[in-house]
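The following block contains the structure, expressed as structure tokens.
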Amino acid sequence: MNAPFDAGTEAEATRFLNREAELLDNREFHRWLEMVSANIRYRVPVRTTRQNKEGRGFSEKAFFLDEDHGTLKTRVLRLDSEFAWSENPATRTRRIIGNIRVRSATADTVALASNLAIFCYRGDAAAPIILTAERQDILGRENSAWKLADRLVLLDTTVLGMESLSIFL
Amino acid sequence: MNVPHKTDSIVPDFLAGMGEDLKRGLVPVRLFNNRDIHELELRRIFARSWVFIAHETELPNPGDFVTRPIGEDPFICVRGDDGAVHVLLNSCRHRGAQICRAEMGNTRAFTCPFHGWSYKINGELAGVPARRQGYRELELSEWGLFSAPHVASYAGLIFANLDPDAVPFEQYVGRYRWYLDIQFALSPGGMEVIGEPHRWLVDANWKQGAENFCGDSSHTQMTHRSALEVGIIAAAAAGAPSKEHGLHVHDCDGYAISIRQNPGETLFWNYPEEVTRHFDPTRLSPAQFALAKRSLVHNGTLFPNFSFLHLGITDNAERPPAGFLTIRTWQPKGPGRMEIWNWILTPKEAPDDYKRRAYQVGMSSFSPSGSFEQDDVTVWPGTARSASTVFAELNNVKLNYQMGLGSMSDIAPLRDWEGPGTAVPSNAGESGLRTFYKTWLERMTISNPIRSDAR
Amino acid sequence: MNVPHKTDSIVPDFLAGMGEDLKRGLVPVRLFNNRDIHELELRRIFARSWVFIAHETELPNPGDFVTRPIGEDPFICVRGDDGAVHVLLNSCRHRGAQICRAEMGNTRAFTCPFHGWSYKINGELAGVPARRQGYRELELSEWGLFSAPHVASYAGLIFANLDPDAVPFEQYVGRYRWYLDIQFALSPGGMEVIGEPHRWLVDANWKQGAENFCGDSSHTQMTHRSALEVGIIAAAAAGAPSKEHGLHVHDCDGYAISIRQNPGETLFWNYPEEVTRHFDPTRLSPAQFALAKRSLVHNGTLFPNFSFLHLGITDNAERPPAGFLTIRTWQPKGPGRMEIWNWILTPKEAPDDYKRRAYQVGMSSFSPSGSFEQDDVTVWPGTARSASTVFAELNNVKLNYQMGLGSMSDIAPLRDWEGPGTAVPSNAGESGLRTFYKTWLERMTISNPIRSDAR
Amino acid sequence: MNVPHKTDSIVPDFLAGMGEDLKRGLVPVRLFNNRDIHELELRRIFARSWVFIAHETELPNPGDFVTRPIGEDPFICVRGDDGAVHVLLNSCRHRGAQICRAEMGNTRAFTCPFHGWSYKINGELAGVPARRQGYRELELSEWGLFSAPHVASYAGLIFANLDPDAVPFEQYVGRYRWYLDIQFALSPGGMEVIGEPHRWLVDANWKQGAENFCGDSSHTQMTHRSALEVGIIAAAAAGAPSKEHGLHVHDCDGYAISIRQNPGETLFWNYPEEVTRHFDPTRLSPAQFALAKRSLVHNGTLFPNFSFLHLGITDNAERPPAGFLTIRTWQPKGPGRMEIWNWILTPKEAPDDYKRRAYQVGMSSFSPSGSFEQDDVTVWPGTARSASTVFAELNNVKLNYQMGLGSMSDIAPLRDWEGPGTAVPSNAGESGLRTFYKTWLERMTISNPIRSDAR
Amino acid sequence: MNAPFDAGTEAEATRFLNREAELLDNREFHRWLEMVSANIRYRVPVRTTRQNKEGRGFSEKAFFLDEDHGTLKTRVLRLDSEFAWSENPATRTRRIIGNIRVRSATADTVALASNLAIFCYRGDAAAPIILTAERQDILGRENSAWKLADRLVLLDTTVLGMESLSIFL
Amino acid sequence: MNAPFDAGTEAEATRFLNREAELLDNREFHRWLEMVSANIRYRVPVRTTRQNKEGRGFSEKAFFLDEDHGTLKTRVLRLDSEFAWSENPATRTRRIIGNIRVRSATADTVALASNLAIFCYRGDAAAPIILTAERQDILGRENSAWKLADRLVLLDTTVLGMESLSIFL
């Protein structure tokens, strides 16, 4: 329980993730894109239920999202349209980012893991649809600002309970 | 002895007039969220039709298995030691426990976690514990897993039929195979599934997806307007109604297909040359090959719930389009809900890099996160909601499937169409959907009772 | 042609004897959580009654809309360009998609997100894409949105009735209007809704709320004891049984109202002078105005599920009480659940500061967080639970609505009551609730079949 | 007057042949998840059987109460001032509110939170507010809480029967009491419940638990293999099929018990001497006491849903085993779900330290976190899933309960068995489960209609 | 990702919110009131589903709670009663406060946002009813102790899934 | 809102709990056991719904888990088996540890409370089963490493909504 990284790094990473979550919850997608590195690799693999001896079930080939900056930007542009029905009226989301763990850090790179719970509401439904995952992120410093350089979202579910994955994780 | 459950004999009254309705292009909205209809569909359609189970390339090795539904019942699809595929009810013959609790994997046997009855991967009962003490006269051969009486493999697609008296798959598909061949049999290696399927839940009836893939071209410009705006699909492929690229084929032995094409061009759904050079003209008829060559988009549904979409698109307007094939099943989960299963395929001969690219492009357009699919699944639940209203019942509300019906259109079917079925050179029609409901009604109101010998 | 659904003809056996039961003050508990009863209520009550939809002040401008249920069906209530209000089924006539997906807003048209059929705000079909190519003979005039055949606006309240043969609203309300006028027509501007309604879910049958507002005075001292303890309501308004302030009016053309008053005082539900000076004696009869003047509390239910409560209360014992009016609907959501919709109103002429104050006081007492309402909705689910027991069925359990019935009380109705209905000067009675169930039984067992012409 | 609900008369067709099926060791799988069966069970079994409610030691003092279900209906079990136990429907006679909202506690009265009707702890109506004003003729004596017409207390176990015409508890238990005495009446103080019961939800039918405790010995080696691997239970107690320790007693007046023993040893389910020295040979017959002495495990079910398990085990292979008794009820929650209630008991005379130890050991093996129970409840849902398939209905699928039936085994019943019922010296049989279903079928198909006088 | 405020402020605000949540979960309402400024403005607006172009749907006029110190105290006093049926037996609540973001801070004032998930259980129900929201708070220092001076709770749901809002958010 | 304990203690405790949660979510039970003191007392009492005046309903005698190191180890060993059906295929869990509160700290001991939400998924179920609780922990320093010395998990539910409690809390 010694602190492998200084508390400042943890605090910076935490602020980064909290700010990112805020932008996503507030649907400020263009400002969110500014937090994302031009070299981003962003993946959400498909998962299957497997015998324990066959591992945790994350696919190496199949993804719910497998994005680079250009495809993320295309998604954001589409959401700008009033005709993006899946998000107009928008899903109301609330992200809780928990258990942030810095794995390694240099002056220009932080590798971290966090646990994510997203509560999603559409229309009149009083109960949220919940999506949870571990996120494994790499933040990189670019021109003195941190950017999201790599994200791997490890979902806990195998079947998505929402009609569309029209939010970012 | 078998005592048929009462639900098999309940045919809702409002189906009585549906044949006449259909001729006028009308369909009772209640079809989309009605418990009686649903129970009847499970018994008359899903328990009797050729239902898609898995793709051969999901099960490369003996012992490879996946679990898949037929209707709402759980089955295991497993490759046997002899290479044959078995479709087994995931239910122990002893006292009903689930014998396979993983969704996929590889196994040498299915051993029940309850009392340890053990089955070979072909479903035969291999042994029971304490046989000498408690089962001296148990005939192992009578207590194998229940299995689908008919399994067919066509161009990599595995279908099963639970009806012992089912017609053979070839007969079931009929001349629609002419179109299926184009999607699935163009290269020597056939098509290959990339990774595991997407699975997700949508609060809409399963028919909503199945009908959509029969040629609902007129929704593209509205439902998918935001996707069209960001420039990821060619205008011709998007099927604007005024364009000449669209072709709807209906009444092809009970099925339909929608085609978008650019006669004279070499398109092959935007597959690149590194892929198309494996397409083998000798594997198809010249007409089939020519159609493939000029095609931008193909989509169709093999009744009841297997659909395909062959398409070239991109995920970023700055990158070129790439061709891919998606296949999917619309699995019923009660009358107002379905689980969509979605696979992405490419020709087996495609380079690995291309496969990854095609997967990305497929996922980005048709999957839970797909820029197209997102908006489809968002509008579909409205119909299920309308279907569940008391207003619909009291007023016997009927939906309008009249687009292009009779004198609604002045566009005549092609006289010289080289393929089976009736081909109308227009995107502005719902003939494919009407074909779907004609087939549906025929299967739902069939007179012979369901086979009922005990097993 | 219309084929009535079977559910309309199922009348549970235990209703047969209910007329006799009611005379003895008994009501079968099963009414409060029974699927058959519920389905029948949707068809015989909600599809045929004048149902509250919205308040005029929610829709000040042309194109303003809100979405609201009738029974469990989704409707849009929209103000047309001519100022008239339209009540439209939120379901596209093409293939049933939801045409309006927001809960409120302003629009120039309703354009379906599926294929783009576009409707005017009065419900007429304005256009369909690709009409020339696919809909050459489509009669737009036949494919407008379904709309409620009757809409009435009374004192700012908008009601709709789905039954084409419905009696006019005035006839439906009958002499009960005498009491409604007092709540809704006291000032020239009428009442005004403040903000958007509260909506929340309670695991109780909708009738539980509806009956409560018919004059269930005897629950106040127990259910609301904690609220009384903190001194936010005057003792007289709280309706202690021994007080002389209480008045229950029953059998007023099928409806009831509960009144608490202090004869001789100027109360006007604790509205302050800055409000009451707008109350216009010429708008009501002298007797109506006099009743308003001496009133502490009024609450009633217009069958089936529209209730009101006019009241003066505070949210902090250190601040004076303020008058407000809450109206609410008890929307069924299955047999054992309802969604409560709650609006808070004041006279339109009230100063803005007072409106805010009245809202606070209303919210603090009658809303999901209301000190009164919290405890109501906590006890109500118990009855739904009791109704769902097997014990209730096997023993045909009946609830006791005998308070004040016949010789249970020696308090006689007022002979000289100036208003309609029978007025009993006591809080200790359930006559208003019995009136509710008499009306309910009459509507449920009505002999003429539901209108069933196709649309 | 009582109008029986229609559900009481619906007997699914497939029960017609079940008597013959059972003789062949077959049971229709649909029993495990069928709405009609379930509704009938609530009416024919739970509303007519002696159902376990609570243990006397849960209610040491007057006014102590717990809330418990009978079938799916809510009851209060309360100790009266005279020490008698009352079983009262948790539903106010006025208008059905829940009068007791805590799960356990102590009270002097049950006062309804709705209008304040107040009941004594024996269920009598003590008073109603505003009686003089509103209830002058209310007969308080007619409006007490509904109560179970029969309550029996046997060896600390409190049972209730809702059927006024029920046979007495002694007759209901019959000769099975011989085995119950061994578990519950071995020491002068009897058994004592330690703490509050575990409650948890399992997606399996209630019969799945009830049958399991009738002697499903052959599951232990497979279901519980991981628990056996970590060495927390003696091999003999685990009931390997080849061992001579197992004994299944079936058809003991409709019930069954499974016994594991080591003749010649002093075992008493691994209770230590500090406990066993309180066991009193004079309280039982010599044969009963001798059986207790040599016993490792006893488990049985008193129809319908009360089971017990007497056992010695440890929670850590490095610590010695300790004996304890678990009792449980399998409470139905719809056709495919149950709530398990689990209590852990020791003889009252056991030292406090031992009680704590026994609790730990009991919890660690049979509770939601129990190393044994975890795996039981994981395999059981599979049968409910199988039961809900359309395949099961169309093919009338029957489960196999043939282990040890007839010539399946060559092990003969003991001729000289000193206890009641038929005792087979083998773990490899399902005779106890067949007994359970014979009893079940008898109760389900009983001809006399349910008692239906109004209350 | 520079730290606009010192880590001490974040830590203090976090402790304040955690302590507040603990008091509310433990139903120590009078001690909670001691953390609330006498000048508190405490609002939970009603929300509606709107077309994106019409905004996020928060009402300016309609509230689930719109409180000052006196009304909060009245609510607390009512909950003291054994006859406050909606909370006797009490709802069992568990609050998770996540994504705490300090927006601005002076020596005497901190403005912060946080994400709230409340899991509510009543009686035998095994599954919680969930309520999520963003909270925008202002803490003020009074006599050297921090107090809650302003709270705006932005719910994610439009229809409340619980029979009563008898808890504080 | 003064900081009774230095921020370092909070940070250390937070890292401990986050690491522990990660090991549990990842099913690295043997490594988790290394974080647990040989003298651990680990309890999860049964809860009942009571009138407020009768307290919060936690049992003093009945437990869902009442463990020492030996019994925890036995549970872990059982989970190693491929025949531990309740966890093969494994429950997929996601823990969010929130509201960490240090109650007291010495050089060798930290007493803390935290709020726990566990989202559990089995097989095809798209919606998680949720378990929430307050945890009251004592960490002790042993040979310069922190170990979990005492844990009391106060569940918010009275009826467990999952078929088995085959995870650690």
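Letters are used for the chains, namely A, B, C, D, E and F, taken in the order the chains are written, and counting of residues starts over at 1 for each.
Here is the rule we go by: a contact is a pair of C-beta atoms (placed from the backbone, for glycine too) under 8 Å apart; a residue touches a chain by one contact, two chains touch by 3 or more.
Remember, it's a predicted structure, so these values are computed and weren't measured experimentally.
**Q** Quick one: how many steps at least from subunit C to subunit E, stepping chain to touching chain?
**A** Minimum step count, subunit C to subunit E: 1.
**Q** Of all chains present, which has the mean Cα position farthest from that of subunit F?
**A** The chain farthest from subunit F, judged by C-alpha centres, is C.
**Q** Would the interface of subunit E with subunit F count as same or different, where same needs over half of all numbers used to appear in both copies?
**A** Shared-number fraction below one half, so different.
**Q** Does A-B or D-E have the larger number of C-beta pairs in contact?
**A** A-B
**Q** So what's the Cα centroid distance for subunit C and subunit D, whole Å?
**A** The separation of the two C-alpha centroids amounts to 47 Å.
**Q** From the C-alpha centre of subunit B to that of subunit F, how far is it in Å?
**A** 45
**Q** Find every residue in subunit B that makes contact with two or more other chains and list them.
**A** Subunit B, residues with two or more chain partners: 101-103, 113, 199-201, 222-223, 375, 378-379, 381.
**Q** Which positions in subunit A touch two or more other chains at once?
**A** Only 7, 49-51, 82-83, 85, 87-89, 96, 98, 117, 123-124, 126, 130, 158-161 qualify.
**Q** How do the chains pair up in terms of touching? List each pair.
**A** A-B, A-C, A-E, A-F, B-C, B-D, B-F, C-D, C-E, D-E, D-F, E-F
**Q** What part of subunit B is in contact with subunit F in the complex they form?
**A** 101-103, 113, 199-201
**Q** If we count contacts the way the header does, which residues on subunit B are in touch with subunit D in the complex?
**A** 1-5, 7-8, 42-43, 46-47, 71-74, 89, 91-99, 111-116, 129-130, 133-138, 143, 146, 162, 450-452, 454-455
**Q** Of all residues in subunit C, which touch subunit D in the complex?
**A** 13-14, 16-17, 29, 32, 216, 218-219, 221-223, 241-242, 375, 378-383, 385-387, 389-397, 399-404, 406-411, 426-430
**Q** Quick check on the complex: what are the subunit A residues that touch subunit B?
**A** On the subunit A side, the touching residues are 44, 46, 48-51, 54, 57, 59-66, 70-71, 73-75, 77-79, 81-87, 158-166.
**Q** Help me check something: in the complex, which residues belonging to subunit B touch subunit A?
**A** 101-106, 194-203, 222-223, 225-227, 229-230, 232, 315-319, 339, 344, 359-360, 363-364, 367-369, 371, 373-375, 377-379, 381
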